[in-house]
Structures are given as structure tokens and as C-alpha cells.
Amino acid sequence: MEPFESKVRESFGRQAFMTTLRAEIDCIGPGKIEIRIPFNQSHTQQDGFVHAGVISSIMDSACGYAAYSLAPEGCNVLTVEFKVSLLAPAIGKRFAARAQVKRSGKTLTVCAADAFAIDDDREKLIATMLGTIMTLPAPDTSPSV
Amino acid sequence: MEPFESKVRESFGRQAFMTTLRAEIDCIGPGKIEIRIPFNQSHTQQDGFVHAGVISSIMDSACGYAAYSLAPEGCNVLTVEFKVSLLAPAIGKRFAARAQVKRSGKTLTVCAADAFAIDDDREKLIATMLGTIMTLPAPDTSPSV
Amino acid sequence: MEPFESKVRESFGRQAFMTTLRAEIDCIGPGKIEIRIPFNQSHTQQDGFVHAGVISSIMDSACGYAAYSLAPEGCNVLTVEFKVSLLAPAIGKRFAARAQVKRSGKTLTVCAADAFAIDDDREKLIATMLGTIMTLPAPDTSPSV
Amino acid sequence: MEPFESKVRESFGRQAFMTTLRAEIDCIGPGKIEIRIPFNQSHTQQDGFVHAGVISSIMDSACGYAAYSLAPEGCNVLTVEFKVSLLAPAIGKRFAARAQVKRSGKTLTVCAADAFAIDDDREKLIATMLGTIMTLPAPDTSPSV
């Protein structure tokens, strides 16, 4: 396993919320990653679809780890902001968030992610995200950025 | 209880994900609402802060219900998109999302929300959201908007 | 010239601000368009780069016309919102905004656009946009959406 | 004139695009500013309203200068990203963008702005923005952030 992959998987393993969502890393490369979750009734909104916040959560983590995979060793990452457009209701057996870095900078990285509902072999685009990630020297996780 | 409040509380009660987060409506008025959650270790990210997706989830629900409180009877609402800026790490015993309608239209409503970390009586602004909500006739929850 | 192209060119010709920017449609297809402007010193910001608002303007028009090219005959379009991430300073002889529809709906269309600085034959990605466009029946250009 | 005001007015005077729009600073304080423009037919879109990109331009400059007013001496600012929601058509004799800092950090500042159409003494909210501004040491205006 390459260094970028092992550090991403180690950090991902410490995201308790990803464990709560039963999220898994499906595939990973330098500057890109796919995260998957199964449908879970306890993550739905009033109409029985998966809550937009849950889909946004896996897209946010995917953007963060796409950026983190390119960050210099010892650096940490932090989401600055993101915008998500919801394109279709989150109905399906599984959901995937695919993120990739659009521009990698010393301090700021911009990532795009798409989310899909997956049933058997069919995929449907349900959301898209554009976000900004900040790279921080590791010992400094202070909020004063 | 006024009609806008009872319909919001009824719909909120059907959001399984809000129940999962142990979210509660703290106060509610026409076009505004506050939703609160307690800290929960199982909703954290790699540094032990609450995951940005969880904070975004209660802000999104708050924006949706602020819009829903003003929607004509029998109508449904759907989040079209939102943008969230993360201002400080989500560290605290409790978290609150306060949303209010900025502009209410026949089809689209624009809402703003702020999120706070709350410890004892101190509040700290940790995130801010700007989002668009669509109002739909109730029987038509189709994705073809 | 196909109907979608002639209606887009006719509407574009009525955007006085695009004329002011000396903007031109470079190429156009169903659901996609490229708009170009030359560098103009009178459109710069304090460091001599083209103002982010100018680059956003051609991206916004490009998103709108990408959506409009797919809209039913007689319908009008209106930008609901957009988010733009600025990836590099707008330095160059010419600038291009390339937009395409990500999801086309009856009422709302989501478009993505990239902007490039162009010098001779080299292109550099300088900005990216994600926006929402509303389709309206033509006679109703009222703000009450 | 206080130092924050003189540095903002000096930089604003170098934004050629603001001069092109005949923009003026209406009032200014630490962390907040109002910029005004008159209606100009050459800045309109296809329906005769002022182009969303023009309104976004004065909101972007207002956010940037609100952040710049709080930046340490010798530092420069750069817009990282913004999201704008368009609430009503830009119809009026004059337009104002009012920005204020929501959170000021060492590297990143988050600003909110509202835009108004002004006719005689009546004001109408037409757009709202949420944006991120980066503070840079002055000699380094390089794009490698």
C-alpha cells in the first residue's frame, strides 16, 4: 500500500461518523477517492429518502481525503466550505461519493465530488459538490486559521 | 399550537436521521426555527470534533423547516442546494442551528442559518449556511423538478 | 442553424453587458456553450488581473445559455444562484467560460462551468462554477418565483 | 481618515472595473463597507435588468474590502470563492452592496453581503452573498496559494 493510501485509510478509520454510517473506501488514488454507504432507514428524512446531510457528509469526507492524499507528509486538512446541489432524491440500496482534486495549492485545495444512488448495476447521479479544503501543518490543529 | 408549528413538528418527527442525531426543535416561529443536538462521540471526525456533515445536516433541516413553516397548506418542501462555510471546529456539549427565511417565493425560498457550539451559557458561531428550498404541491414528490 | 442555437444567439445579442465585455459565443451545442472575452484593462482589479466579477459574469451567462439551449420553446431562464471558486489569477490575453448542463429538470437546471485564461495556445484553468437556473414560461418574467 | 479607510480607498481606486461601473464607496467601517453603482443600460442582460455578474462584482469587491479593512498592515487579500443567491431582478436607479465580516482569521476571512435595488428612498433586497477571502503577505501575490 502506498503512503498516500495508508495515511488516508488510517485517518478515515478515526472518523467515528463514517463508521456510524458504515462508510467504506471503495477505491483510492492520488487526488481521488470513492466512499460508499449502504441504505439505512435511520438516516432518512420525512419522505424515506436518505437525508441530504448524510449524502453531503460522505461527499465532504471524500473531498477532504482526496485533498489529504496529495498533502505533504505530516500535514492535516480541514474543510473550509462546500456547496452541494441536490439533483435527485437519495433512493437506493447503496450510495457512492466520488471526489477528485480540481486544483491543489500550498494552502488551499479545491475538490469536486459527485454522489450516486446505486441499485444492482445501475447508477444515478443524485448530488454534486464543490468544496475548499485547507492544508495545515500537523501540530497546529488550532481553529485560528 | 399554531398550524405552522404542528405541521413542522409532525414532519420533523418523521425525519429518522434527526431522531438518530437526538435532534430537538428548540423554538419555532413563522419563517424561523432552532434545532439542537447534543455532542455524541459517534458523530465525530478524525480529530474528535463533530463532523461537518452532521452540523450541515441540522442546518439543512433547519432551513427546510423555516421554509416549510411559510409554505401553503398541503405543500411539501425539498432542498435544492446549500453552501456552508465552516468557521470554527465543532467542539462543545451541544450544538444549535438557527435558520430563517431571507426571501419567500411561490416556488423557491432562500434561507440563511448559523450554527453554534454551546457550553453552559457560552455560544460560539461555528458555521453559516445559505440555501435554496423548493416548494412542491404535496402529492407530487417526484424527482422531476 | 438549429433552433436551439438561433434562440441562444438572439438572446445573447440582447445582453448589453456581454457586448460591453466584447463577449462572443465560441461554440455551442445542446446543453453546452463556450463564451470568450478579450483582456481589457478597464475590467481589472487592483493588481491588474481581470476582476473575479467579470469572469463570474461570463460563467453565469454561459450556465444560463447552456440551460436555455435545452429549455422548451417559448420558455425563459433566470439564474437562481451560483457558487464560484477562483483557482488562479485571471491573467491572459483572452478568457473562456465553458458551461454544460449537469441535470436538466422541468423547473430547475443545474450547470457546471470552468473558466480558462488563454495565451496563444496554452490554456490555464482559473475558476469553476456550479449554478442553478430556473426555467419560466416566457410571458412571466415576474420576480415572484 | 483612519488607516483602514485610507488603505481601502487607495486600493478601491486602483480597481479599474469599479471605475468602469462608476462604483463608489458609500460608507466604510472596520469590517464593513457599502459600495454603490448607478443603473447603466450597458450593464444589462436580455430582459433589461442589471446582469447578475455586475451585482456579484460589487458584492465581491465589498466582501474583499470588508476583509481588507481588518487585515494587518502590508497584507493583501484575494477572493477564494463566493456563492450568490439572486432574490429579485436588478431593477432600479441605483444598487448597493453591503458587506460585513462574519469571521476574521489569520489566513481566511468569511464575509456576507446583501445587495439592494434603490429607487428614491425605497430599498429592495435583490441578492445575498457568502464568500471566503484569503489574507496574503503583501509582496507575495503569487497564485500558488
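A, B, C and D are the chain letters, set down in written order, and residue numbers restart from 1 in every chain.
Quick note on the criterion: contacts are C-beta pairs under 8 Å (C-beta built on N, C-alpha and C of every residue); 3 or more make two chains touch, one makes a residue touch a chain.
Computed from a predicted structure; not experimentally measured.
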Interface sides of chain A and chain B: same vs different residues, half threshold: same
Farthest chain (mean CA position) relative to chain C: B
Averaged-CA centre spacing for the pair chain D and chain A, given as whole angstrom: 32
Cα-centroid distance, chain A relative to chain B, in whole angstrom: 21
Between chain C and chain A, distance of the C-alpha-averaged centres to the nearest whole Å: 29
Per-residue overlap in chain C, given as positions that touch at least 2 other chains: 80-81, 83, 85, 88, 110, 132
Touch list for chain B against partner chain A, complex: 11-12, 14-17, 19-20, 41-47, 50-54, 56-58, 60-61, 76, 78-86, 88-89, 141, 143
Touching residues (chain side chain D, partner chain A) in the complex: 80-81, 83, 105-108, 110, 132, 134, 144-145
Residue ranges of chain B in contact with chain D within the complex: 83, 85, 87-88, 102-103, 110, 112, 125, 128, 130, 132
